[in-house]
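Next up: some structures, all given as structure tokens.
Across the two complexes that follow, chain A remains constant while its partner is chain B and subsequently chain C.
Let's turn to the complex of A and B:
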């Protein structure tokens, strides 16, 4: 007999036993009755779409692609991937100018950082915000992340030579956020890796990971960029580290599942810096020496994509090593922004409603600052609460004694 | 023609039809359209017999072209008629007859020629093109022929006939079982019925009684001491969790086991096996592990992915094969239509048996039986069922007043699904509140509004009836989420808690019966989960135990 007891279906949609836990965990279902929920939009809807593509429901655009459904699913159904694939295959509405602008982080970032002194204050003025709200549909409540005047790669070029001295090397996928908005995070990362005895290279060619393009339906562009990235990662021939949970999830999971790009040979080499560093320390291959003069209370927010990766343990364990830190892991709730989703005016209210539980839990704990591995969670929390949000790598950079760490690892 | 009783006191009809399958329903429609005062009786529910237990294949006739050219010609004629009159029950998917290396390509030439002789459009196409048309095909194929096969939903088809019969004045009684034929002076004068819900006995009289009970017609005939020798042939099928194929796939060889894969609504069906069974087994058929093995082994020759696709359930139906009158041994079996005038054949007046045939030819069978009834009654009215569309398949009327769907421009998915199921009649489903738009069955997108419509209009007494009218409980979870919701809505209609619980209990067991032969992988997990939900959370296990101690 050739039949198998394990069923095989795209994204495991037939493995669904209709327990509906995914819908209970869906942040959108909780606040937006127009959204059919992950079970309906995912495996249930898939059967009907296979019957007739006209059963595609435009309400699938309300999906945040947070992947909480996939984390909740006891049967391994890739609910979020089913929904995103359906949007890619069947959605009729074309991306608007706004969607294209929000999605093209490289293009907008390049322009904006060149004119950062003009762009940053302009984007903050009320008339510009109102204009973007009414003409483009970018919600006026939103604060665009400030663009940095100098880009991370400009800094890096000036320090490239010293990186080559290190015998051990890692590559860094910095992502758009570090490049255009927060080069300081990239610099923190390089300093830490150097102190641990690693030199940092950049990829031959790096493009945006594509998450925003996928979310906004610009699939061909996303696939084009993804192919360039995976080819560069292949050529790097060493671990490729990141500081953004979303870029990481996109390159590891969305490339094969949504864009049909085979990354199986390099998938394991793509990982978050916090995971790589924790593993080094855990295996006794590196030592972190912390300063004893800093005392802070920090709340860690687990980004949804970090949950999906199952990696929250790494930044949390790393930060807990710092004796001066009091760390609390917040209950896992979606912040609501989901990349470009929350920037769209039609989603603003839903976005804030979703985030409310998280904002409340931060206020209740009242930390000195919040740590999280996702830049868009950072924007959302900073816009919606008075707390400052940092990447765990930047916090680590503040907490460690670089001199002593360097000595310990040399 | 003077029956020996008073017409004013007892229910009297021109014709009583026994059997609520496609043939009975079609005959009731035809009789009613020709102005006969008609009563249809069915011991359980519509489509409870062979009508609801087949492939749902809209035969082009190609399958019979080589072996039985008469059946093939009948099929293609009815195929074209059904596409016209039953649009909402038919999906014109097209069909392919594929040749695998082990079949050889020789049969193909003979096959195409036979099809053309029977007026069936058959065209050989390049195997590569066939794979493009239907990517699930076995890539080893060496030949493919396109034919006008399709899918037909037997539940919808039967109910549409019932609705039209009623619209034209026919009376319909489900759960009324014939316990006796009333015979006097060498003629059948009526039937004695038992209400299978209450046990009440009643008598109905008619000029003519038509036995359209399919394989069970053998028993009905026995009540009149008439022999209609039938040989039940069991056919088992498997239902897959989703549409594996969008085009009907057949093997281009002499008809054999498990060589047809039909896409039907949200699922795909592989079938069938064929085995003679003793007559006393026709009411309790189980699918055996050997049958499941054959279906999967042969099925995955048509579409290899069947070997690892989730199977929802297995079921079996009975073909009513009729022995020729001069051959009581049954060696000379006919698959064609058999319409018997028992006056000519057995000297018993007022009694007609219509049997044999196939789902595809139900309308033609109805026409033949009605023609015979009309000629006995001296009525000269032509049959119009080949031209008049069934209710639900009329051309859409715009601005229908009863249409309460909110999103007329873009229907919600459950409204689209309802439109597929009820055709133009779906505009009669009321969406008057948010609750009406809520889903009862999530797998099959059945809304509260649709369930209410079925309860009010489509003879729904229990959950099994509801399933046949709406697809509730036919999806991936096999009733896990919707059975209790459906039972709740039925309870609202009849108000009896005990009845709702008993109904729920028997529905869940009926679902499990079909899941059991294929209970491995996810289907087993689903069954286990369902047992926890209904046994544990809903407390039905207690109900079942109580049931046992009561007995």
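Let's turn to the complex of A and C:
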């Protein structure tokens, strides 16, 4: 009999030693005193909630689910999971129409990209913004990401045949952002994989990873989508690569911990493209040849969920390989948006206060552009600073000499 | 991923070793499972505070010579200790941390409970006593923050009243008042986050008014003013009209947390990789007993390879050592342990007496190499509190052992590194 199996619950709240390090690193606690902080909201509150569910505190809705508490915890307590599980189990407030709209990225994305020429300019007009602010509660300061007129999967279908010729294959979980907003990122990814000698497939069925549904309390829908995704990933039978740190964390960690979906047989095959590519190069199984005519200064911002994955080393190491890049890793601070959180008018000010340290550190370094693996961090930084933000994969695609890379890997 | 040296543990010991190695040109990675015990530091560090009978030590450098050969300081040797000690303050200053103190003459720090303990170095601005209870002559004003629950002015007054007349007052500020919404979470670090900019000026004006009212000659306030982002701690001391001294609070320690952040940022700025929130899951050791690589929870099948490895994973609180029902063990490599055979001998009945588990740890040779089943591991070193040989609590030596073993090991590694080039 081991010590753990005798004493510790599955969400290990008993392992908390009450040191409050999590609260010291919580970006919400630092600016919003209505939030009780991760120690109180997580392991402390859990003891009470187990006793009586009415001890549940609605202020737990202020949690960003950034997981910085888990990264900081010296005792390995899954503080963020405890808080999110409590919200799922005990929260009484039902998701509003706004929350449902923000959460249903597939539904809104499908409509919006179909009518992109109308939707994009309309969402930018003052009357529509004010209407959304007052009626829906979507903050009028927010700029909605532009919807792309053509979807990534439409482009892919036109190039499907050439992908099948490659003897080595990977599958791509493109996510909602690449599909509806930034197909160019998906195309960059396919081009890089092709140059390295890999063909790219799509999953049989892909749904939104579910992060926005989990955050907005639409748990049954999130679980339904997650089951479809995991089943498709199982059928893919090859590495499933992503270009979004949040989709990756959700499918690897939130599926089992929050939605109760066993992904243990495929968890290791779900990974960010930057990790897969770095590992190939590190093992000497692939070569990247870089152009020598581009010189840029780039600041790398570590998204919260990238910190939780512990994977910032992969994009940073890859970008450092490019001789024309001067790269600085910014101090780790939350950008404040946390997916749909910062879009809600009640959170807008907190969201911007949280991000201020990050915005200041970017301005101090004054790079040509910012690199980050998360689309919502990109929206937040582009809205709050004058800097352009790109996914490391798109930066790599600019830095790589495709012809020479293809030759080196054939 | 290939490094010259991988360090397991990112607290003070791991960071001192990492910074020393990185500064000499090595490629270094530090794996840290969560934030370190430095967050519980009082703002002061001790080298050797008590002798074996529990008496206070005045000159730690002299007292080191009387330690048993199994003590980490004895393994380093008095001469090497003295040479390294001369560099410690400069080492921290280069990283951006100003420390005051003298390795030949301990000063005293005050604990949040109002006890006095011998100390070697204290953060600039923290209360340093030349003898117990003597900070300054005259009246001392103890200023607390209204609603702050982790500082007890009455204990401080009680500790000082044999020497000084003390007045206790409270101050507040609208920005601090806001924090009282979550009274249970009104912690030192949350307060320090709002004491910047104009708040510093306002608080200084309030304290100056209290100085006039009470006729105080010196001021003590809880260490809730930060040292990051423009040094508001120094600015406040400059604005207050009488000498202002910070006294430690209950954890989290603002000073300790800022030391951790400053050291980590410095380590990264000179090229080190710091893997925060990751845990070593396994190690690969070849037939010759050399560590080849380690694997971590987050990096999965990406190995971290290195020529040398340093285990600076801390003691029980940091999970560098584990105590099970049966035994004390080191969880990563399964290293040989020096600890009492019988569980009953781990603790004493008297809670204030020495407990043997405190000096238990990884057994090492004179170069701090640990062993596995009696066989030394030649490219692995154990630094800081994971290693056996001293009781940091009884003898007041935790920070000194962490810093000096790390410096010593880094120097050993660099000897062969330079030789290779």
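One rule holds in what follows: the second predicted complex is superposed on the first by the 403 of 410 C-alpha atoms of A that agree within 3 Å, B and C clash if a C-alpha of one lies under 4 Å from a C-alpha of the other, contacts with A are read in each partner's own complex, and residues count from 1 in each chain.
Quick note on the criterion: a contact is a pair of C-beta atoms (placed from the backbone, for glycine too) under 8 Å apart; a residue touches a chain by one contact, two chains touch by 3 or more.
Note that the structure is predicted; figures quoted are calculated from it, not measured.
Asker: Please indicate which partner A:54 is in contact with in the superposed arrangement: first for chain B, second for chain C, both, or neither.
Answerer: In the superposition, A:54 contacts chain B only.
Asker: Looking at the overlay, does A:126 come into contact with chain B only (first), chain C only (second), both, or neither?
Answerer: A:126: touches no partner chain.
Asker: Is A:20 in contact with chain B, with chain C, with both, or with neither (first, second, both, neither)?
Answerer: Touch partners of A:20: chain B and chain C.
Asker: Quick one: classify A:46 as touching chain B (first), chain C (second), both or neither.
Answerer: So A:46 only meets chain B here.
Asker: Touching A:94 in the superposition: chain B (first), chain C (second), both, neither?
Answerer: Once the two structures are laid over each other on A, A:94 reaches no partner at all.
Asker: Once chain A of both complexes is superposed, is A:7 in touch with chain B (first), chain C (second), both, or neither?
Answerer: It touches chain B, and chain C stays clear.
Asker: Which partner chains sit in contact with A:75 here, chain B, chain C, both or neither? Use first/second/both/neither.
Answerer: In the superposed model, A:75 contacts both chain B and chain C.
Asker: Determine, under the contact definition given at the top, whether A:282 touches first (chain B), second (chain C), both, or neither.
Answerer: Only chain C is touched by A:282; chain B is not.
Asker: Between chain B and chain C, whom does A:165 touch in the aligned arrangement: first, second, both, or neither?
Answerer: neither
Asker: Share the list of chain A residues that count as touching for chain B in one structure and for chain C in the other.
Answerer: Dual-contact residues (chain A): 2-3, 17, 19-20, 36, 39-40, 75.
Asker: Flag every residue of chain A that touches chain C in the complex, lowest number first.
Answerer: 2-3, 17, 19-21, 23-25, 29-30, 33-37, 39-40, 70-76, 268, 275, 278-279, 282, 307-311, 313, 317, 329, 331-332
Asker: Flag every residue of chain C that touches chain A in the complex, lowest number first.
Answerer: The contact residues of chain C facing chain A are 1, 33-37, 39-40, 178-182, 184-185, 187, 189-190, 193, 251-252, 257, 265, 268, 273, 275-279, 296-302, 317-319, 324-325.
Asker: Over in the complex, which chain B residues touch chain A? Could you list them?
Answerer: Residues of chain B touching chain A: 241-243, 263, 265-266, 293, 296-297, 300, 305-310, 410, 412-413, 416-417, 439, 442-443, 445, 475-477, 480-481, 520-522, 525-526, 529.
Asker: What residues on chain A touch chain B, complex-wise?
Answerer: Chain A reaches chain B through residues 1-9, 13-20, 36, 39-40, 43-48, 50-51, 54-55, 57-58, 75.
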